[in-house]
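Next up, some structures in structure tokens.
Okay, so chain A shows up in both of these, paired with chain B first and chain C after.
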Partner chain A sequence: MFRRFELRLPQLVLAIALILLGMVFILTLRSVPLIIADKNLTSLALLISGLIFYAGVLIIVSMFQSETVLTIALLLPSIVAVAIFVYGFIGWSVRVSLSQWKGLNPDFTWVGLKQYYSLFHNDPRFVIDIRNTAMFTVGFILGCLILGLGLAILLDQRLKGEAIYRGIFLFPMSISFIATGVIWGWLMNPATGNRITGINLIFQSLGLNSLISLWHSTPQPWGMAFTVIPAVWQLSGFTMALYMGGIRSVSEDLREAARVDGASEFQIYRYIILPLLQPVTLSAVIILAHMSLKIFDLIVALGNKAISLDVPGIYMWTTTFDGTNYAQGAAIGILMLISVAILVVPYLVQNMRTETEL
Partner chain B sequence: MSKKFSLLSLLFVVMLVLSACGPKGVTSTEVEVFSWWVGPGEADGLAAMVKVFNAEYPKITFVNAAVAGGAGTNAKAVLATRLAANDAPDSWQAHAGQEILATYLAAGQIEPLDDLFASTGFDKVLPATLLPLISQNGHPYSVPVNIHRSNVMWYNPKVLADAGVTANPKSDFNTWDDFFAVCDVIKAAGKICLSLGAPWTGVHLFENVMLGSMGADKWNGLWSNPPTTDWNGSDVAAGIANFAKVLSYTNPDASTLSDWQTPSKMMTDGDAAFNIMGDWAYGYFANAAPNGLALTPHTDFDWAASPGTYGIFNFLSDSFVLPVGAKHPDGATAWLTVAASKAGQEAFNPLKGSICARTDCDQSLFPEYSQDAARDWTSNVVVGSLMHGVVAAPAWLTSTSTAIGLFQADTSKTADFQAALVAACAADGTCK
Partner chain C sequence: MTRRILLHILFYILLTALAIVFLLPVYLMLLTGFKSISQVDLKTMWSMPNNGLHIENFIAGYKQLAPNINNSLMMVIPEAILSALLGSLNGYLLSKWKFRGSNLIFTLILFGMFIPYQSILIPLVKFMQTIRLYGDIPGLVLVHIIYGIPITTLIFRNYYAGIGTEMLEAGRIDGASLMGLYRYIMFPLSAPSFAVVIIWQFTQAWNEFLFAVVLTNQSHWPVTVALNNLAGSQLVQWNVLMAATLLAALPTLLVYVFLGRYFLRGLMAGALKG
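Up next, the complex of A and B:
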């Protein structure tokens, strides 16, 4: 591994200079904060100092003339960061969820699965959370898949200005869920009488009074179903893009062959394209489901933490930060992680297997 | 390799240039104050108090670390995160009472303020009923800037007159049933009787319904340790029955409204007759645009104690604390001195729509509502607010709020609601 170490003096000097400079910066910043124009830039400066330091290390490593060593050295910071900030903190959350930490001071007294037990056994709010999440997930995924596939098939008809439509359908994806929630909250305003506004006002002026709705303030459980509308609006374009890619990868020869055999366009979609799209559907379901299982921002913006529109993410927030019940908050967070992991991990494992086969 | 080398050299030069900009010396002449005063009315009050601060301490820079959200629901989360990261602001807003004592004092995060109280003579000008609530073992732990009243019912006189209501809310609502009778008239006239907003305003309503149903002594008994009013008893059950009935007179879209201003405005707009909200709403109604609605008292809106609470002052108080190991202890002490001072409180409170915690403020600076409230503050029976941190620890408040939210979603489950209230008290450890 080290057989081709080649010492180059100028690089070595530069490397040592960088390492020393980085260290001096880091040590200085530990005691003196960097403030430019009233902005505290200490953490940014620390990051840059760390990069300077590591650049020096990399120069020395590059002298070993070994790709393996260099690769490891380049990946090491990310691996360490992910190990600490993702897996380390998951582990810490698990530990907190097995404790009785309530209040601002940590209390790691071991209580086993008590927090989980009480969530499932005598917590009506968590029951609502599970029901709401299930309802939201099913509606959201079905809505996105059906609308996304429909849009993709429409755009597959080689219409004029396809790129423009594609852009329009994809555009909502670039908006944050908070903005979507606020705007759809206005559109789906349930007020009636002279305060009527939003979509209800459109219905009223079109004479479609029977369609005027309480939207997401419909008495539970059905209010939650209306929160699916903005979510589908936001992500059906993304699902369309996934399906478009799938449809376009079906070779024209295959379609041509079917046409020669006398298949109608409908039959081509039904018996050739749709079966070939199955892997796309699976990917779409995974991506959409992991969003909906940990949904927070959209629902907060729409429902203001109302219990009838509660989801585990909001419950975790309230119990942790308003109630300072950190142990219960951690337990809810871990349950959310497990629900997503059940879905994502088998998919990742399968993906890795297929990649190895290739 | 030489290309890579020159690139790195360039990077090196850039770093040297950056390092020349260098860290500036740390300024000890600042104070970072954390609050949730960003809404109309309250932000004006804070600005006025900062003006007093800047005049008295021109060398100390005031850093406003305010976080939006009614009753501080978002701000408290941000503060908890900052405290956990050892990044405490130099002083922060908290509600007097259990919110401070059960949270920050229990966690050993705040200093006693005996010296500041003694040197400024602050303890001499505070109402006797307030001092025990901000103290533990005789040591005060926060500087109360203001007193707010929770049990205020705002109403629109025009809506009442148009509906043909003859009852006077200032004297005729001795029980909730008196209120319900009027509500039926207003409902028949096609208006909302009582406007309600975001979920926390439901908790605010709940405490005043309970208070109006059971009276001051029994309300206080719910929160004494151990409780002298039975959470599982008939007084609570009667309060719950009234609360369920009140909710039936509110706007069905309450949960979708984002905070308290929208339902308050529904009342002044004439869509609703009544709105029960703390007296911070006064600043919003009366202040000039754009932060207020610039309305005229008695004609556009009027006020009374909420039904059944005549002679009771359900109070809350915004207070500031001194953290253990403040980054700028001089700045923090300077801020607390201004917050406790006559000039500071007289600048802040007229705009915030609250009354001074001090009893010696010049009443002529205050609008009519506040003079009214200041008179009640000295003569009424004083009780503490649930929603605003006086009577219950945050964990107890949260579990009670959850129970109230569940009940709002289905008001037929009265027995479940009462059982949940009992469980919340037991989980706190107050109920055995």
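Up next, the complex of A and C:
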């Protein structure tokens, strides 16, 4: 592996200097905390010192003429960070979920799958969460796919001002779920009678009284269906953009050939473009579904933690940080992870396989 | 031909109707924001300002959120820049210096982008408390950089994969090292990708809520947490809230309006290769 070692004196001096500097910083910081303007920045300084130290190591590694070793050494900080913060923490969460930790002091007493068992067997709130997530997921995916595909086809008609329309349908993507939830909370205000407002007020003044709705305050399970509206508002543009990419990749020659054969525009979409869009639909479904399984901030801002609009993401948050039921919170987090992993892992594995073949 | 014209008119009507619905929330925020305080009434939510344009609501909203907007800026700027530098290095190495297992490592990194953060939240909070980076902005910056590694690496890797190896080979013949090739060939070509990644990370971190709410204390709340709190409190009038919401959304909206091209590319990268 180490075919050659090329000693270059200036670099070696620099490397040793960096290593020593890093070590001195680390040793100093271990006994003297770094406090700037009342902020304890010791660990941040330790991290930077560690990186200085590592930079010295990297210079020495680069003297061994092996590019593979250098590549791995350069990737190592990222790999270690992800290994700890993603995989290590998942493992730690799994361990917490198998304990009975409740209260501020950690308690790792092993109770097996008890937390999971009680979530599924005697926790009415978790049952509501599953029902709400299912309702939201179905509505959200259907809404985004139908609206997204419709918009993509409309914008494929070479109309003037296409770019402006596209910009309008996509801009909600740049806004936070929190801001979206706050605005739509006002638009979908359920007040009636004298206090009628928001979209209901528009319906009333247009004489469309039958459309006046309690929105997300509708009795369950249908109230959850209305939370789909702001989510679709935010992400149908994204779905549209995915479909537009798919439609554009259908060659103009193919369309022209169909036209010569006497196909109508409708038939071209029905028999040529739509079948070719299946892979796009699959990607869109996977991305949208994984978002909806994780849905959290939108519902927080819209529902103000109302139990009828509860989802696992909110339950995990409140039970852990308001109720200090860490073991239960960890179990919910892991269940969320499993549901997302079932969806995403095959997609990632396939992505990796096709790349390796290339 | 007349059929085609009629069809086009129908398309325009459809698109315009949908565009109006899409713009409704922004219209409401602007409308309410510019009304005088005396004119704010739920019954007249949709009527135009009748005694000139006022900006009191925006001033009041800004007063509510100013410290938090500042917190968000302090977090987002270093986060976006450092994320992009790290992602660029990773992307270069994983696209141009493949080794046995490098695709597997990349896939394992990529998985980190999809996980629900609730599944790592308890260890994360405990860890940040242990290393004393809990409660303040630097800790939040670190967390956003680390959980940003997957998407930034992905965007740069795809970008670099599209750059031919001819230039790198020529550079190698001239004796450039692995880092020399990055420094003198790849990095200067990366400006578009840096724009995409910096804008993406800026938008993500600005809009993020979960890490912000569990990792910072009240004096360091970013704008999303403060806005959610404002919306939940009974003390703030809704007209001020509308103005505040617009202010909180404004930075990312402006980025979208002026740099939408780059924002879109980041968005599409999140869909892997489709």
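By definition in this document, the second predicted complex is superposed on the first by the 329 of 358 C-alpha atoms of A that agree within 3 Å, B and C clash if a C-alpha of one lies under 4 Å from a C-alpha of the other, contacts with A are read in each partner's own complex, and residues count from 1 in each chain.
Just so we're on the same page, a contact is a pair of C-beta atoms (placed from the backbone, for glycine too) under 8 Å apart; a residue touches a chain by one contact, two chains touch by 3 or more.
Note that the coordinates shown come from a computational prediction; the quantities given were computed from them, not determined experimentally.
Residue by residue along chain A, chain B and chain C are tallied for touches, and C comes out ahead. After overlaying the two complexes on the shared chain, residue contacts for A:340 are found with chain C alone; chain B is out of touch.
Looking at the shared chain after the overlay, A:272 reaches neither chain B nor chain C. By the touch criterion defined above, A:321 lies against chain B and chain C together after alignment on the C-alpha atoms of chain A. When the shared chain is aligned, chain B comes close enough to touch A:190, but chain C does not.
Of the two partner chains, chain C is the only one that A:43 touches; chain B does not reach it. Once the two complexes are laid over each other on the shared chain, residue contacts for A:214 go to chain B alone; chain C is not touched.
Once the two complexes are laid over each other on the shared chain, residue contacts for A:86 go to chain C alone; chain B is not touched. Once the two complexes are laid over each other on the shared chain, residue contacts for A:75 go to chain C alone; chain B is not touched.
In the superposition on chain A, contact is made by A:245 with chain C only, not with chain B. In the superposition on chain A, chain A positions 62, 185, 189, 191, 194-195, 304, 317, 320-321 are in contact with chain B in one complex as well as with chain C in the other.
Partner chain C is touched in their complex by these residues of chain A: 39-44, 47, 62, 67-68, 70-72, 74-75, 78-79, 81-82, 85-90, 92-93, 96, 106, 151, 154-155, 157, 159, 165, 167-187, 189, 191, 194-198, 201-202, 205, 233, 237-238, 241-242, 245-246, 279-280, 283-284, 287, 290, 293-294, 296-297, 300-301, 304, 312-313, 316-317, 320-321, 326, 329-330, 332-334, 336-337, 340-341, 344-345, 347-349, 351-352, 355-356.
Residue ranges on chain C touching chain A, taken from their complex, read 8, 11-12, 14-15, 18-19, 22-25, 28-29, 42-43, 45-46, 86, 89-90, 93-94, 97, 99, 102-112, 114-124, 126-127, 131-133, 136, 138, 142-143, 146-147, 149-150, 153, 177-179, 203, 206-210, 213-214, 224, 227-228, 231-232, 238, 241-242, 245, 248-249, 252-253, 255-257, 260, 263-264, 267-268, 270-274.
Chain B contributes residues 4-5, 8-9, 11-12, 15-16, 18-19, 21-27, 73, 76-77, 80-81, 83-84, 102-104, 106-109, 190, 198-199, 251-259, 266, 271, 394-395, 397-399, 401-402, 405-406, 408-410, 416, 420, 423 to its touches with chain A in the complex. Every residue of chain A that touches chain B in the complex is listed here, in rising order: 10-11, 14, 17-18, 21, 25, 28-29, 32-36, 45, 48, 52, 55, 59, 62, 102-105, 122, 124-125, 128, 185, 189-191, 193-195, 214-217, 219-220, 302-310, 317-325.
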